[in-house]
Amino acid sequence: MVDLGVKIGNLDLKNPVMTASGTFGYGLEFEDFFDLNRLGGFVVKGTTLHARQGNPYPRSAETPSGMLNAVGLQNRGVKYFAENIYPRLEKFQTNVLVNVSGSTVEEYVECAEVINELEHIPGIELNISCPNVKEGGMTFGTSCPSAEAVVRAVRKVYDKHLMVKLSPNVTSIEEIARAVENVGADSVSLINTLLAMAIDAESRKPLLSTITGGLSGPAVKPVALRMVWQVAQAVKIPIVGMGGIMNAADAVEFMLAGASAIQVGTAGFVDPLAPVKIVEGIEDYLKRHKIESVTDLVGSLQL
Amino acid sequence: MVDLGVKIGNLDLKNPVMTASGTFGYGLEFEDFFDLNRLGGFVVKGTTLHARQGNPYPRSAETPSGMLNAVGLQNRGVKYFAENIYPRLEKFQTNVLVNVSGSTVEEYVECAEVINELEHIPGIELNISCPNVKEGGMTFGTSCPSAEAVVRAVRKVYDKHLMVKLSPNVTSIEEIARAVENVGADSVSLINTLLAMAIDAESRKPLLSTITGGLSGPAVKPVALRMVWQVAQAVKIPIVGMGGIMNAADAVEFMLAGASAIQVGTAGFVDPLAPVKIVEGIEDYLKRHKIESVTDLVGSLQL
Amino acid sequence: MMNKTVQNLRVLSNIQLNRDHHLLELQAPVKLEQIAPGQFVNVRVEKSQSTFLRRPFSIYGVDYEKNTISLFIKDVGPGSHVLTSTPEGEEVDVVFPLGNGFSYPEENERILLVGGGFGIAPLLFFARELKKRNLDVHIHALVGARTSDDLMELNSFAQCGEVYSTTEDGSHGVKGRVTDHPALKDRLQKFDRVYSCGPEPMMEAVAAKAAAVDVFCEVSLENTMACGFGVCLCCVTDTTSGHQCVCTDGPVFNIKDLKW
Amino acid sequence: MMNKTVQNLRVLSNIQLNRDHHLLELQAPVKLEQIAPGQFVNVRVEKSQSTFLRRPFSIYGVDYEKNTISLFIKDVGPGSHVLTSTPEGEEVDVVFPLGNGFSYPEENERILLVGGGFGIAPLLFFARELKKRNLDVHIHALVGARTSDDLMELNSFAQCGEVYSTTEDGSHGVKGRVTDHPALKDRLQKFDRVYSCGPEPMMEAVAAKAAAVDVFCEVSLENTMACGFGVCLCCVTDTTSGHQCVCTDGPVFNIKDLKW
């Protein structure tokens, strides 16, 4: 038997496969398709202190091997989450993380404080990289001082696992990763979407209401892999890799590049069964390659 | 009749379609496929002061809707170009630009000086964005001071059209564009390739000899469009857009976003006729939309 | 109601109806449970380089005995083109059933179905279900098109009730748009419910008429979708209770809830 | 020699040779001019989401009367899979002819062709051309495979000259690899020229033998290609005169020029 278990800091995952925030709803929508307990964990949608309506329609566009989104963090606020959604998530025997966003450092902090009280939420994923909101969001994640400021402030009030989600829209993602590691991040997850744009030549209009939005899917995989590889050379904390993972081979590539676990996002739209197929595929891969523990893959790229 | 002519500063192009450096050889290789004079211009492969062997094989990898390359500026040096290649390019009745790279500011300058003497070369494309060489290359294009330094120095010795090719691997491409505009660039071209990586899960090895390389093709189009759009809001000099252009609709999108002309790169590998089909397709588009001059498209995105 | 599932369905038949419309009957490998008219499927199209996301199509009919689902597909682009070209015997990967159906009328009510283009698909499924259930409902269907060549399935609607039509060129039925037809223009109060599916401007015009005379009206929207089952929040429409997902809160909406 | 061109070729026939090898005969819409054995084509595969770049295949034969080109394709991944599944009548988009062929032997020379896997394709084309031209050349072909099931086209080679074979399991011919066959192991000096195409380790072993006894030897390389016609510089191999492109300087190289 092969061992699929991984540890991300103090988080125990039964396997390295999580699902990505904003692509998995609150998980419940996937229950018709598979048993969520088969996942190493899942990250629920981006949550903010106050409710947000998000951006106007249209919010998505298909692109070559990928898609753009401009959802803009539509959610009913952390209080609503804690009172109405959280109770339905307690039953799961897997790691349920909440993705947290804000427009100011204070908003991040207050939101994290609420989540800190939720017993069955072992960690948050701090989103300092959302390209789809006007204030805050990505701007926190594109400079070291602002990234440090928000992580440092949240760290003070949040006791459990603090995963920080990095933006790929930067000159040096290693520097940001090192900065957040230095101020107390327990892990980093990457990449969020690449800032991008689509136009309809015929109507001469942008395809998104917000003109620009975030690119995800297989198109970004080569960039995501490169960034995971770079960050793996730069920090000691665990890395959760994502960006275009469609199948087990993709997942293995991220682990070879240095990720301890991975998240599946857009793939779930194309194949709702992708997350569990990836769990099974990694197991097959390990058997085929006679590797006992999935942790042996991490960073084991042969140069 | 529709007017396809565009001006990029002092360059007159019979149509907005050029081909991209490193993807078109010296043009001669395409002569079996079409008459190069049908293009608005073409940019020959990356040229350096001294000959370079480039990187070891393997230098390319296919990725979803795109490819990676790590050619590393293999070329025989500018002297060889001037003596042996240039004479074969003089016959063309279109704009032949030379793409210039270097490891130091001095190398850029000396290379530009040689090309300044070549009567039938109306401009150079200064490559401050190549991700595939160890020293220089992209590093010049990822900070304002270094980008300014190389452009300012070349501007001093180079009289003709100076197009500066920008790197997409930056937090703010607008800032770099503004910086090179301020020190004398006549136009900017973008984007060069995105720094990326591919791994073979089975062999557990990187697919490129250099581990990381440059991503091009349709996968990057949404990122390229966004950057052209951003730069168009930031500078007054003309923009030459590229990144994943496969057909006339793609080309129109770049012009709507603000590009005065475009370059076709990777598409020529997939369809060697793509550049001329794009010229024809733009003409059709203008007729269909009853637009008299292609210049009316530039920056005319409807918000 | 049937739970959402991902299945490979086999193309039992692929019939070309006119220049660009095809009718596909798909054999399910699992027992089909109750599917509501108005629900849709989301189809993966792998044999094209420009169809990364699935393509949504209304369910046009379900045969619970043969265990098949039918789709009515217009060839408008790469995805629908590959699907309308799929030969019998091949499999297609489908997520279904998605979304919510139309609300059922009460006994003895008079209903008007107003369809255009492939919007007739869920309406005809609805009409047939009402008929099959032997509900004592008076079904009237109004189909609009540009020319008589574009009018489809009038006979099928006729088997369920009254049929009216409009064509823009007057080649069949009343000349003009659906809203020019007396059923909508003059006699709308005579109906208890109006259901519409088709191009958005058509549905908006129908909704305006229904709102004016305060008749119950449901429309089936077609926003661009990324997931189709409520996890991406990309397909929202603005409603009186904020942004709602067309894929899970719809695609059928009561016009009272829409901000049209 | 024929100029490079991009054409839609129609599949005239698609014959399955064994589990994973197919023979495709493609009808050209333009008059075929002289094509050299060793040249290759580059095929676009649009019906797959993972084949962005073209796929190169050696030319296996040209029929100048029927105006057809044949390819010998092993199904190893998405691109070759779509191609080997292409039904007769469909068109494929092909860039051809690319690269350089093998050098022709002198009259009365004895040549040895050493092939493995789909590497036999250009060698058989070469053998047939030599035969067709009635050159007074003594052709010997040595084909290696894992098992007798993997040996193909021995009869076709036999029509051009002597045939030898090796199989790793000894189920046909000499047991072992091609280099274990006496033709290569003991009698190599008796040949004037050796040509090899197949897996790179096989070609390297053949090249080493040829170099040891100083016999003329050409091999046909298969580096990964992006363009196929010399513009991207991705397919280089290291030669005594630096990096050279397999697509335009090769794919056929004299081993003297390689740094093996």
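Residue numbering begins at 1 within each chain, and the chains themselves are lettered A, B, C and D in the order written.
Basically, a contact is a pair of C-beta atoms (placed from the backbone, for glycine too) under 8 Å apart; a residue touches a chain by one contact, two chains touch by 3 or more.
Chain-to-protein mapping (UniProt): A, B = Dihydroorotate dehydrogenase; C, D = Dihydroorotate dehydrogenase B (NAD(+)), electron transfer subunit.
None of the values given here were measured: they were computed from a predicted structure.
Using the contact threshold fixed earlier, the set of chains in contact with both chain B (Dihydroorotate dehydrogenase) and chain C is A, D.
The distance from the centre of chain B (Dihydroorotate dehydrogenase) to the centre of chain D, each centre being the mean of the chain's C-alpha atoms, comes to 36 Å.
Chain A (Dihydroorotate dehydrogenase) and chain D have centres, each the mean of its CA atoms, that are 47 Å apart. Distance from the chain A (Dihydroorotate dehydrogenase) centre to the chain B (Dihydroorotate dehydrogenase) centre is 34 Å, each centre being the mean of its Cα atoms. With centres taken as mean Cα positions, chain D sits 55 Å from chain C. Shared interface positions of chain A (Dihydroorotate dehydrogenase), i.e. residues touching 2 or more other chains, are given as 63-66, 217-218. Contacts with at least two other chains are made by residues 49, 51-52 of chain C.
Judged by the touch criterion defined above, the protein chains form a single closed ring in which each chain touches exactly two others.
Pairs of chains meeting the touch criterion are A-B, A-C, B-D, C-D. Of all residues in chain D, those touching chain B (Dihydroorotate dehydrogenase) in their complex are 3-6, 44, 49-54, 93, 95, 223-238, 242-243, 248. Listing the residues of chain B (Dihydroorotate dehydrogenase) that touch chain D in their complex gives 22-25, 29-30, 32-33, 45, 53-54, 56-67, 69, 71, 74, 217-218, 266, 268-273.
Touching chain A (Dihydroorotate dehydrogenase) in their complex are the following residues of chain B (Dihydroorotate dehydrogenase): 63-66, 68, 142-143, 169-171, 194-199, 201-206, 211-212, 215, 217-223, 225-226, 229, 244, 249-250, 252-253, 256-257, 285, 300-303. Those residues of chain C lying in contact with chain D across their complex are 46-49, 51-52.
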